[in-house]
Each structure stands twice: as structure tokens, then as C-alpha cells.
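Each of the two complexes below includes subunit A, the first together with subunit B, the second together with subunit C.
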Partner chain A sequence: MAQILSPLPGTFYRSASPDQPPFKADGDDVAVGDVIGLIEVMKSFHEVKSDVAGKNVQFVTDNEEPVMAGAVLADLS
Partner chain B sequence: MAVKIISPGLSTTVQDLGRPGYYHLGIPLSGGMDRFALRAANMLVGNDESAAVLEAVFMGPEVEFTTAATVAVTGASLPPKLNGAELATWEAFPVRPGDRLSFGFLKSGARVYIAVSGGIDVPVTLGSRSTYTLGALGGHEGRALKAGDELPLGEGTGGKGTGGKGSLPEALRRQPGNPAELRMLPGLYWHRITAEAGKQFFADTWKVAPEADRIGYRFKGGTPLDFVPREQPFGAGSNPSNIVDACYPYGSIQVPGGTEPIVLHRDAVSGGGYMMLGCVISADMDLIGQLQPHSPARFTEVSMDQALAARHDRKAALARLRAHLGR
Partner chain C sequence: MIRKLLVANRGEIAVRIIRAARDLGIATVAVHSEADRDSLHVQLADEAVNIGPPAAKKSYLSVSAILKAASDTGADAVHPGYGFLAENADFADAVVADGLTWVGPSGAAIRLMGDKVSARIAADKAGVPVVPGSMGRVASIIEARDILKETGFPVMIKAAAGGGGRGIRIANDQTEFEAAFPQAAAEALAAFGDGGLYMEKVIGQARHIEVQILGDGARAIHCYERECSLQRRRQKVWEEAPSMALSPALRAELCASAVRLAEAVNYSGAGTIEYLYDDAADRFYFIEMNTRIQVEHPVTEMITGIDLVAAMLRIAGGEALWIKQQDVQIRGHAIEVRLNAEDPAKGFAPFPGTISDLRLPGGPGVRFDSMLYAGYTVPPFYDSLLAKLIVHADSREAAITRLTRALSETRIEGCKTTKPLFLALAADASVRAGAFHTRWLEGWLDANSDRLSPDT
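Let's turn to the complex of A and B:
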């Protein structure tokens, strides 16, 4: 099972803005390079791109949750 | 004789010990946020302690060396990898032309200092090689590094480094505690808050806000301050946290709106209209540079005598580091 890890500490967001749908819904497929969320730190937002491919993404970090670098954001099967 | 930037990380800049002497003109100190770690990195590779290095925050860059050199990474626990093989921090290692340095995930701390023998030889601007990005001054073209940048190295082939002693012992390093303890000296405007608010400020555990950066570190999660009522003087804004504009010292703690304290750091503005509770003492400013977002911190009151004793302790720690490395 592959995991998508946070490259940065900060605040995790699953969509580009509160009125937008999430980049990925639970159950979606993920390809290498897909944006799966944003990390906010130092007054800017950074896209989290998956460096693994997989099916049935399951997020383990909630929207707007604080994360540390290396934290698991989502599992892939 | 260069370092090529393959990928820049989140925000990687050239920094040395800073640019003192121009703050009265609005040009901040700049320089490394954790200058103890910066000095250690330089000592490990045989540089002068004030040589320019790379400062990377939260996420390391990937760089390629075009020359043989000695390299050391200090500060945060951000594992360096040479051609993919993991190495220790706080330890000198040799690199050959074509070698690539990259980094794993951040484990603790916030900023690493990457020293290369010879030093990063960007032009000296107002007495320093440090980057002040807001003012587009110093460093490499006055900005954070980008992929494709090539940074020249100065003369020097690398010194004794750790001399086969392995990495520097933990006792010679410094990391913030959990919570971090930031000692502060109350200042001229302390009388503006109530005695109760002052007690609560020291009792609360604060958390680093995600927007904290080289300009200032914002803290949140504590109790809003109660101000002593007064008629705002001519020239001050209407909020009770406003004052008639004043100079902002390095390390000063302002609390806009009385809610979230901000400790000004190396790239700070030099003046403005917020009251300051006091200053974080110089001995503890390096610790702030190693705080991640959401990490807990507390402020502790000290006297001027205690602040000077703490500064003396830091000088002694630096002397122990020099002695360990035979400098």
C-alpha cells in the first residue's frame, strides 16, 4: 500500500478554496503528479503532488488540519 | 567552482551573519535565523564563521557540485543525502564534482545551514552577502534561489572539519525544547497592559502560526491582552495596541489588536505604530529560527542581569564548539 506524505509542516487543505470541490474525493484514482491538496505555510500555499500512483485514495488527514513534514496525508491501494 | 541549484526547496537563500548598521535606515539585519548553527556549519568545513551559506526552511533543496569541496549541514534535523545515500547532520563530508546533495523529510527543527568550503561567493552588498528578499537586496540577485541558479564558491579547499570525530555531540548543538522557552525582557510599553494580562501572557502556552517567517514569528492560541484604558495620544491609531510610531528593535514583541504576539526577526521592519511588550533576549533568538508551525512556546520573564548572563552563556557555548573543533 502506497502513502502520500506531506513534504512540509503547515495546514493541509483538500480544495483550492472553500467553495471548490476537493482535488480528490475518497475512492478516486491518483496518478503520479496529481495535485491532492495544498499546504499553507509562510503566507503561501504549496501544491502537494503525489509521487506515487494508486487506486482508491483514502485521506487520513482532514481539511484544515495542522500537519508535520512527513505526516501521512492519504493511503492508496 | 560552483554550486548548481537543481531544485530550490521551499525557500532557500544565501545568508551569512547579517548586515548590521543600517537598521536606522530601514534595512534590516538579515543573516541566518539560527546563527549558532550557521557558525557551526562554517567551522565544520574550515570556513571563517562569517562565510555565506545556504539557509533552507522546512524542505531541502537539491544541489549539484561542480568542484571537490567539504560540506556540512547543521541546524534542523533534515537528513542530507549525497547521491541518495543518507548522511548525518552536524558533520563534515567530502563531495566530488558531479555529486548531488538532496534531503529527506524534516524530522525536527525548521532551518538547515548548508556550508561549502570556500563559502558562497555572491557579491557583498552593504557589508554582507545575506539575502533580504523583501528589499531585493544581497544574496543571489536579491531573491530566493531558483532551479538553474549557479552560485560561485570562494577560495579554500576545506579545513579540518570534524577531523574524523564524527558528528558534533548533542551537547554542543542547540534545539528548542517542547514547549520552547523564550526568555523576554519587558520593555517601555509594558505598563499599557493590565497586571492580570501580564501574568496571563507568561502563563499561556502559545503556538507558532503557519505564517511565521524571516520577518517575524507570529504566535497564537493565548489569551487576548487587556489594555489599561487611556485616551489615545495624538498620532497613535485608535486601537489600544497602537502607539505613536516608534523604533522596533530586533526581537521586539508586538501584539496587533492585543491578540497574537509577533516577534520581529532578521528581516523585520524597523518601526511602526504597535506597542511592544518587550524583547526576546538575544540568547534565544536562534531558537525561534528552529520553530515549526503549530509548535508550542512559552515566554518567560527575565531581568537585564539574567539576559546578560544568558548572552555570556551563549558565548561560552560557542567557545566550547571552537575548542572541540581545535579552532
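Let's turn to the complex of A and C:
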């Protein structure tokens, strides 16, 4: 089982803006390089790109939740 | 008289406000998010209240949590600082409705000056030059052609419902204008559901110059101007007082216009009136008013000797303005630089971290406004400002030399900071000559990125 980790500390967002659908829904497949969310660090936004591929993504960090660098954002099977 | 002040902010400005309150014998209440438990403002205040989770909208932007903290601690006044709720008229009204003293202008004044169109009309009525253009929505292309006589070319056509740079077109001559105006109206209708347009003259190269004012609701004074043209992405990074670009006559005219506007809106507290100054045409134009204390207020304090934050507290406490205009004098020159947790060698990427070592600058004419201490972990949830280094000297040249000296004494380990940027700027011939405008720094950064690594 692979995991997607947060590269930065900050606030995790699952979509580009509140009125947009999430980048990935639970159950989606993920390819290397897919954007799976954003991390807001000191008012600037950074895309989180997966460096692993897998199926059936399950997010363990909620939208708008604070995270530390290295925290698990999602599991892949 | 204020007895117990709640500081509705965090970071260096919360520390600054607590210091001013304690200088006046006022007790202080800090509020903080869960991420700011260990912050300096919490340690310095007499009392501290946890108002919620790290996300600002659940803590520092929560009106109900802040008002509850005030009620629970028996605070009788609220200072909003800058950012967060500082220019939120509804918050100002809610504080007053709870029977507390609001340290700032009334909700009505915040609303009036916070709306671009009503502020522009108020400035024009007070005889303050505004950027030539429409005084609100342009009804038709016939009216638009009339406005062109005042603006000339190039002219900016802006969607009334736009913002943040969206819905803007620039026409360089009549032919372009005749094509662009109907297109802009159609586009604005499609994009924003509102086809309303404004027009404004395009000011090419200009300086950002702003005037500090203090008012008591009846009378206002100015505390001269600040020059804030060194900006990156519209964020000021280096501010000075006074401006090196103004003649004494123009300075007097500029500052008098700011006082007229402040008195016209019965302004109470500290405020800043921002202008564009076109060097080539030797003309200034009102752009907006900030109805709060500003980040760069210390440069004004250094040249005038007035404690602006203490003045805000005394005015809010009911004192009539005790300073006469003729007693406000410029002494020497001051410069402030913003030390942000950003890596200038990597496109100013944010760089939160734990402060492993801290050496502060000192000596004559040096002030360091900050919330840092050794061992402090800078949280990633808020803005990147770590410290403001302010220097004061007899002349601008001596102030720049002193800035270099103070920067070289400063060590902030554990985070990357913008210190290398300021060392490079202080050594730059254009900066030393004061020859820059609001878009100068971005071009300089493109050309000098190799000078921004900490090891040079």
C-alpha cells in the first residue's frame, strides 16, 4: 500500500476553490504527477502532486485540515 | 479611559499593541489560535484566551469567539491591529453594540472609505486630486467619450464587478477605445452578470506615497508621508519616511489634502491616505484610505517621535487630540524593511520553521519589532512577516549605511528570510539614489536573482 505525504506544513485543501469539485474523490485512481490537493503555507498555495501511482485513493486528511510536513494525506491500494 | 484592552490580532503587531497599552498602564488580553499557544504576544499579555483552531476563519476572524473572550475577561476595549478584522465595519459595530470601546474609526467611516467609489467621491468633494476617470459607473459610450477628455490615453476600462486585476482592458487610442468599450461591457456582463464599467487614466511610472493622519472625530493632523514604492507583487517590502521625491511645497500640499479628507469624514484614530505620485508630471492622485494602523507605521514614529499606537488608544479612550500640527516636525530619515520567512533565492517561497538561533541588532537608531524568540516555531498558517527592522539617522544616506550595519548584526537561524534582499538593495545605486517606482523592484529581481543567496 502506498501513501501520499504532505511535502509542506500548512492547511490542506482538496479542491482549487470551495465551489469546485475535489481534485480526486475517494475511490479514484491516481497516476504519478496527478494533483491531489493544495497546501496553503503562509498565504501561498502549492499543488500537491502524487509521486506514486495507485488505485482506490482514500483521503485520511480532511479538507481545510492543518497538516505538518510528512503527514499522510491519502492511502492508495 | 480604557482599563483593559483585548488585542484581536497575533504576531508582531499584537506585541506592538501590548507594549503601547502597558506604557499607558492599560491591562491587556491576548487572544490566540491553537497554533499560537506559544507565541510571544500570549506570553507578554496579562491574560490570554484560546479562541479556536489554527484556521484564521475559525479563530482570528471569528467575531463571536473574540467578543466572548472580551466578555469573559472583562475587557472594555478592542484593538484590531492590521489585517484580519481591522477593516471589517460589521466587527467595529458589533464591538460597540456590546458596550465596548472600538480602537479605530467608526463602522460608518470604515464603510465609507472602504468602498472604492464612495471613497473616491469623498476625496473629490474634499478637494483631494483623484486619478482622472469616471466617478462611478459609466452610463453609455457617449458619456465615456466625454470622460476621455479628462483621462487622455492610455485609459483603463474596468468591470465594476471585477477585482484583483480581473476584467481590466487598456485602450491606447480612440480606435482601440471604440472597439474595447462595448467588448468590455459584454465581457463584464458574461463574466460577472453585471456589465457596469469604470474608466481611469493609466498612470505609467509612479511612486506610492502615503500620508499618516491622526483624528479625534473633529480635528485631524498629519504626521507627514511615507515612501513605499519598493514593492513585490503589490506587497511593500521596504518603506521610508520622509519621501526623497517631494519638494517642500508639494509635501505641504499633499499633507494638507490628507487632513482635509480626514476632517471631511470626521475621522477618528490613526489612518493612512494613499497616493500615487507621478514624478514626471509632478502630480499626486488619491488612490485609497486605510482605516487602520499600518505595518510600516514605525518609520513615521521614528521621524516624528509620536507613538501612533498609544495615540490610537488615547483617542479611543476619549481624549481630544493633544498634538498641534506645528509641533509635528520631521527629524532625520527612517527606513523599515520586512524580514519575512521566505527564501529570496527560490522565488520567495514561504519557509516556516523553528528559530534555532537569534541575534538581534542594536545600538543607536535601531529598532526591531518582532514576535521572535529562540526556540519559537513559526506556524505555517498565517503571513510570513517575522520582524520589522527599522533604522533612523540624520540623513537618508546615513540611514542606508546604518541599515546595512544592523542587517549584518541580525542572525535569524532556522528559517530562510528576506535579509539577503535588503543587503543587496541597500548596496544598489538606484536605491541609494532613491530612483525607483512601484514596478521597479520586480524588474530588479529578474535581473539580480544571483545576488539573493544568503552566502553572498
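Things worth noting here:
Just so we're on the same page, the second predicted complex is superposed on the first by the 77 of 77 C-alpha atoms of A that agree within 3 Å, B and C clash if a C-alpha of one lies under 4 Å from a C-alpha of the other, contacts with A are read in each partner's own complex, and residues count from 1 in each chain.
As a working rule, a residue touches a chain if its C-beta (ideal position, glycine included) is under 8 Å from a C-beta of that chain, and two chains touch if they have at least 3 such contacts.
Worth saying up front: this structure is predicted, and the values here are computed from it rather than measured.
In this superposed model built on subunit A, subunit B and subunit C take up the same space, so to speak, and clash. Judged by the touch definition given at the top, the superposed model places A:M1 against neither subunit B nor subunit C.
In the superposed pair of complexes, A:G10 makes contact with subunit B and with subunit C alike.
Applying the stated contact rule after C-alpha superposition, one finds that A:A31 touches neither subunit B nor subunit C. Within the superposed three-chain model, A:G70 lies in touch with subunit B and out of touch with subunit C [touch as defined at top].
Between subunit B and subunit C, the partner in contact with more residues of subunit A is B. In the superposition on chain A, A:M42 makes contact with both subunit B and subunit C.
Clashing C-alpha atoms with subunit C appear in a single stretch of subunit B, chosen from 91-99, 163-171 or 253-261: 253-261. Shared contact residues of subunit A with subunit B and subunit C: 8-11, 40-43, 66.
The touching residues of subunit C, when paired with subunit A in their complex, are 35, 53-55, 341-342, 349-350, 352, 380-384. Within the complex formed with subunit A, the subunit B residues making contact are 10-11, 57-59, 105-107, 110, 210-213, 292-294.
Here subunit A touches subunit C in the complex through residues 8-11, 40-44, 64, 66, going by the rule given at the top. If you check the complex, the residues on subunit A that touch subunit B are 5, 7-11, 40-43, 46, 66, 68-70.
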